[in-house]
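First the structure, then my questions, so here it is.
For reference, chains read A, B, C and D in written order, and residue numbers begin at 1 within each chain.
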Amino acid sequence: MSDSHEVTEQTALTPKRIEALHDGVFAIVMTLLVLELKIPEADDSAHLSAELLKLLPVVIAYVVTFANLGIYWIGQQIQFHFIERSDRAFSWIHILFLLLISLLPFSSGLLGLHPMNQIASMLYGINLIAVGLVSYGSWCYATHHHRLTSHTINNSFVKNVKRRILAAPFVALLAILLSFVSVTGSLLLYLLIVPYYIYPGRVDSLWRQKAVPHAH
Amino acid sequence: MSDSHEVTEQTALTPKRIEALHDGVFAIVMTLLVLELKIPEADDSAHLSAELLKLLPVVIAYVVTFANLGIYWIGQQIQFHFIERSDRAFSWIHILFLLLISLLPFSSGLLGLHPMNQIASMLYGINLIAVGLVSYGSWCYATHHHRLTSHTINNSFVKNVKRRILAAPFVALLAILLSFVSVTGSLLLYLLIVPYYIYPGRVDSLWRQKAVPHAH
Amino acid sequence: MSDSHEVTEQTALTPKRIEALHDGVFAIVMTLLVLELKIPEADDSAHLSAELLKLLPVVIAYVVTFANLGIYWIGQQIQFHFIERSDRAFSWIHILFLLLISLLPFSSGLLGLHPMNQIASMLYGINLIAVGLVSYGSWCYATHHHRLTSHTINNSFVKNVKRRILAAPFVALLAILLSFVSVTGSLLLYLLIVPYYIYPGRVDSLWRQKAVPHAH
Amino acid sequence: MSDSHEVTEQTALTPKRIEALHDGVFAIVMTLLVLELKIPEADDSAHLSAELLKLLPVVIAYVVTFANLGIYWIGQQIQFHFIERSDRAFSWIHILFLLLISLLPFSSGLLGLHPMNQIASMLYGINLIAVGLVSYGSWCYATHHHRLTSHTINNSFVKNVKRRILAAPFVALLAILLSFVSVTGSLLLYLLIVPYYIYPGRVDSLWRQKAVPHAH
């Protein structure tokens, strides 16, 4: 879609605008999640406590989804650090990415309301897998023959990011398979994804050593 | 409204702020669409599946509207690449544009709830036509005698963008007319608009060849 | 609160961040307004048309409030063009301003639901007056002894902006008084505010002639 | 997590993006609060007034929470003035911070609906404490051995900010304890937090005297 650097660098479609749309959508999705927490109407303290306790699975789904949004927001920020240009296809990859991100309040709300239901657990997993695969596609598209990145970007770094991105959809796939045996087991697997990404992995150290020194 | 370049370049109304408001409104509208997906309450898996299937038309309306928002977000981004100044009238054109964009969750939600109803299909088409015409008006106002653009912008490029913008309202008009014969037919026409805009057309190639080389 | 230029220019509270919060709140409020438009459930076309017609007052309140938001968004943008510094008090003035702006979906929704009710009309007017007075206060605070503006800003320009800002709360006050005689009359007065501000008035011409030539 | 300045300054995780996410989340949370104000359906003026009066506790909770959001928005803005770098841990601290901020519409809505209920009052206090402690943790993490700040930042300034941040969670803790004796008393304590932070305290004067002169 872009035959030379001179051409794409003139492009009107900049990564900056995609980042701005990301920040907007992430901020809203993070905040919309809380609307699933319906304020209980019960008047006396005993009833109110009971009603609030019933919200616990929704709260857990809320925190886990918030953490997942954090993972993708940080992950995309790292991707965009190395992306210097954009084009029409790349813009559409990210509109698809944001479509899937904005479905998370629905699929996590469904899981919060029906935590022990296999269909809810599977749909949540499918949503995570779809987000992960589009994120992977974005990185592949941008780095393929340095289409949208600097030429100085390191090959083993590109591969490491790919592996790291694929971890989440892989675990989500395992969780879906596990849900046929145990729904609780699948929920625990979803929880496992979060600490894996929060703990700074090999990507960070590689990136510190070899990444382009003065990228924007 | 602006008699000379020296005058408008002092203006307090910058295209940057309009772009920021665009990003905000698009991010929110994209995300609000998901609120039309009500989480089903059914408890057992069979009922839940049935309830989720009933959401299918809403999901399709959601995806199509999201794609339309993507079309306009990308289209406006290309327009703003060539716009160097703003003025009061241009700001108001874009406030009207955002008013019509923010009506999309309503008209697409209506279509999702009543997919086989002609009135719902017509209102959706009218919304698309109105968005398209205001987008067209924005481009005409900005490019007329290079009011808000650089003087180096190519005339055949300006015309090509105009033609491309008008395609969507034209197809939406056909869809409205078709809805008197077949509502299903009109829905299929709305679907057709999306691939036309995603596939990079003549505008991109013209723009690559002739557009101003160092526009912001 | 700020005794010298050297001091305030070091400030961590920049007008840029206030503008970013403005863009966010305005984008959301503009979009939230549409949530007052409940999608009718009626199935056949005759009922659906009737239900949609019932939404007409809400649609009108929606458009008028959207236009009012446009007025304030453009008005603030012009104010901020001349504001070079910020401080704690100025930040709080704008948090109060945004509090009142974010009440507009409530007061305009109330008016849309009860268009012929005097209380709804008065509350809408009070909201408009409060927004206008805080906007006036912001301009007075910033321009008083050039507290937050450049020293080159013209005195008659400052006064003209003040007069222009006060027009809306003044008309809203008349509308409130008129509501005791005729609620319809008060609604018409609210409608009058919009064209007054959209039509570029004396402020624009003064500002073109005398405003600081290279303000940011 | 970062061993030298050269390393972290290459980082892809910039404070700018965290600030953009902050602005987005704060703008949305500020605006979502108004959704707790349900528009009354009553038709005649007498009933409408009565219904609107019933909303008063929700309005008060709304204003107080808006003020608290203003406090944290301004507080974070001052923090970020001195923060020059970011890293993965700092990003996660702020995702946690925004998670707690986005819970405020729930806990303040709960308090508005059940103003005389001790559980509602305690949950509101716990939310304020959690926000305050994470804000404190962010400042400690960033300033520890100048991890993310300039080396010129003054030690007594760092300490003063810490003390100032801790005031709110300390008062909220007192309010929780007081709620066992008097729920009304605890509500009054929450109100006290607001003027303390709006009134510019010792931090501002210290910061004017000693802060780094040309920090970004």
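Assume contacts are C-beta pairs under 8 Å (C-beta built on N, C-alpha and C of every residue); 3 or more make two chains touch, one makes a residue touch a chain.
Only a predicted model underlies this, so the values are computations on that prediction, with no experimental measurement involved.
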item: Chain whose average C-alpha position is farthest from chain C's own; value: A
item: Equivalent interface positions on chain A and chain D, same or different at half; value: different
item: Relative orientation of copies chain A and chain B, as a Cα rotation angle in degrees, nearest 5; value: 90
item: Distance between the centres, which are taken as Cα means, of chain D and chain A, whole angstrom; value: 26
item: Computed distance of Cα centres, chain C from chain A, in Å; value: 37
item: Numbers and ranges of chain C residues touching at least 2 other chains; value: 20, 23-24, 27-28, 35
item: Chain A residues touching chain B - in the complex, by the definition given at the top; value: 1, 7, 10, 12-14, 17, 20-21, 23-25, 27-29, 32, 35-36, 88-89, 91-92, 95, 98-99, 102-103, 105-106, 109-110, 113-114, 117-120, 123
item: In the complex with chain D, residue positions of chain A that touch it; value: 19-20, 23-24, 26-28, 30-31, 33-35, 37, 39-41, 43, 45, 48-49, 52, 63, 66-67, 69-70, 73-74, 77-78, 80-82, 198, 200, 204, 207-208, 211, 213, 215
